[in-house]
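Next up: the structures, one after another.
Next come two complexes, and both contain subunit A; in the first it sits with subunit B, in the second with subunit C.
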Partner chain A sequence: MEVTINQNENKFDVVLVGRLDTTNADQFQKDIEPLMQGEKPEITLDCSAMEYTSSQGLRMFLMLQKSVNSRGGSMVMTGMSPQVKEVFDITGFSNIIRII
Partner chain B sequence: MKAEFDPIAGKSAVIIETIMSSPDIPSDPGLEFKIRLCVEEVVENIVSYAYENGAGFVEVGTELQDNTLIISFRDSGVKFNPLLKGDPDITLSAEERQIGGLGIFLCKQMMDDLRYVYNDGCNNLYMMKRIS
Partner chain C sequence: MEQDSVEKYGLDLHCTMMLEEYRENRKSFEKILEISLGCIRDLLAKNGILVTAVEGRVKEEKSLAGKLELKGHKYRCLSDITDIIGTRVITFYTDDVDKVAALAENSFEIDWENSVDKRKMHQLDSFGYMSLHYVCRIPKSMYFDPEHPEINTIRFEIQLRTTLQHMWANMNHDCGYKGDVEIPIEHLRNMNRLAGVLELADDEFSRIRTAVNDYRRQVQNLVASGKFSEVALDIDTFRSYLNMKPFDKLNRRIAAINQAEIHDASLMPYLALFKYLGFKTLGDIEELKKSSSDDAYQLATLEIGGTDIDIISSTVAVQDLCIVHILKSGAGEQGLTDFFDQLNGQSAYNRTRAARLMEKTSRLAFMNK
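Then we have the complex of A and B:
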């Protein structure tokens, strides 16, 4: 999973490319550290090139959403493929993470 | 297809790819995605938890019976029936949700049937998916 973060003050435009699974979840956690800091972050995750996420990936997104909520921020995931969206729907993550 | 890996420590990726490259796995991308997800969840569980330090074997297999794909996993590690694990409450808020417990739940939702049998000192897990 390639993670590109463009930060402008509290706004983060993030592009996710590739697969997120157990082999790279630890690295992903390190890559998103900038998103885990600061007050009222406004985060957009562009998922149009995210091919796959396993339950390990879901854990990461839940952790990030919890962190964002606790800091009074907002987060949205965009451009998700139907297959990835289904994983979020089945697990109820579509209800706790904003997906457009 | 049948394959055995021993020991399994650090071999998740090769085990997953061995299963997914079986001719029994359908080429339809939507189905392939779901099957890969479930295979990965099960393989990761076995590699991480069945044995101390992954020092043991797993035998994996795929077969087609009529229009049903059956993927099997056998290990002689800690006796563990993943189907007895309670489902996560998917109606909870982000704050209330626990991080984890999603893997086997995804398998239950995405496969048509899961079966677990313990015999001869081995965990046997079977995942069934109808292929039309």
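Then we have the complex of A and C:
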């Protein structure tokens, strides 16, 4: 999965491209390290080019959401395809992570 | 920086000496204030008493000089003046004044002879200043410094009052004690009439709080005893219900489909959804669980059974129960779309999801009964 982060002070616009699964979850965790620092981050994850997420991917997003919450920030995922959104829906993760 | 001489206030020798003593003891006064405020804040936190404010001050030199000028002859020495160090606790409720008072009694040495409960000083037909004043000392068991034994002998004052009593006292001070003109008696009487109204309001606030707490206890007992149909659905009752982990069994059953882990998430947002679906009591939710848990499990099996998903949120059981309820009620695609709009916010995707669910679930047993 390709991760592109554009930062403007505490605002992060992140573009996710490709598949997120067990083969690249470790790399993804390293790629999103800049999002795990700083107070009150406002993170937007553009998922319009994300093709798939496995359970490991869900865990990554959950970890990021918890980190953001603990630092008083906000996170939103946008542009998900119906196939990816379905994974969030059937696992109940749509109730935990803000998706628009 | 060198201080001005206390003689600048033009007081007599007796009062000037008291002011000098004040200056010498100023650091001890500050220390006593720090210790007493710290202790009071700790006591409130440990006993879960929420208050409007805890405040304190060491009387300013100028203010003390003014007091001495007016009534310095009344005091034999500085230690006769008990309000040089003053702390104040402003509570929400009258009952809390007594609770904080009891805590203070157990923590500080109280000089009962000089402490006064102004709340009990009014005649049957009089209203006015209401506050509890304790004159106290720091006990050695709380703090002792052999180099500063005066910390345990100098007295300080604790004022305890409600927010409304505090408001009245401040307004009364502002309106009634301006020394330049004498306030006509009708205005003073009006101020005292207000004190009566605020006393009534204070009592009513306390009465309401007691009634609400009684109701909460009663509801918790009903929930604990399983009398769900007698318990109306609201924030308190739903929270008590969730403490019983009512959806854990179904969540574990669903998780077992793929040997998934369950991520614990708040179910409180579902209160609004249950109300939206027309549920009135906890009994309605229990009935849904009884009648539809197997169907919700079927739905979950259909959704995640063929996948490699091995993590679910603890909201899955209740989400699937709601979906089954809507499907069984015949509300169809529109009902599901409206539910998802309520659950996750409006989006065009919700209709797609609803349509997909209608198609997939058409094969399930409960849809064909």
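Here is the rule we use: the second predicted complex is superposed on the first by the 100 of 100 C-alpha atoms of A that agree within 3 Å, B and C clash if a C-alpha of one lies under 4 Å from a C-alpha of the other, contacts with A are read in each partner's own complex, and residues count from 1 in each chain.
Note that in this section contacts are C-beta pairs under 8 Å (C-beta built on N, C-alpha and C of every residue); 3 or more make two chains touch, one makes a residue touch a chain.
Worth saying up front: this structure is predicted, and the values here are computed from it rather than measured.
Superimposing the complexes on subunit A yields a three-chain arrangement in which subunit B and subunit C clash. Of the two partner chains, subunit B is the only one that A:Tyr52 touches; subunit C does not reach it.
Of the two partner chains, both subunit B and subunit C are touched by A:Leu62. Shared-chain residue A:Val87: touches subunit B and subunit C both. By the touch criterion stated above, A:Thr23 is placed in contact with subunit B alone, subunit C being left untouched. By the touch criterion defined above, A:Ile99 lies against subunit C but remains apart from subunit B after alignment on the C-alpha atoms of chain A. Within the three-chain superposition, the subunit C stretch that clashes with subunit B turns out to be 310-318, the only such case among 112-120, 310-318 or 328-336.
Once both structures are placed on chain A, subunit A residues 54-55, 58-59, 62, 82, 87, 90-92, 95-96 are touched by subunit B and, in the other complex, by subunit C. Contacts from subunit A toward subunit C in the complex involve residues 54-55, 58-59, 62, 80, 82, 85-87, 89-96, 99-100.
Of all residues in subunit A, only 21-23, 52, 54-56, 58-59, 62-63, 65-66, 69, 82-83, 87, 90-92, 95-97 touch subunit B in the complex they form.
Residues 12-13, 29-30, 33-34, 36-37, 40-41, 44, 88, 90-95, 97, 99-100, 102-103, 105-106, 109-110 of subunit B touch subunit A in their complex.
Taken in their complex, subunit C has these residues touching subunit A: 260, 263, 265, 269, 300, 303-304, 307-316, 319, 343-345, 347, 349, 352-353, 356.
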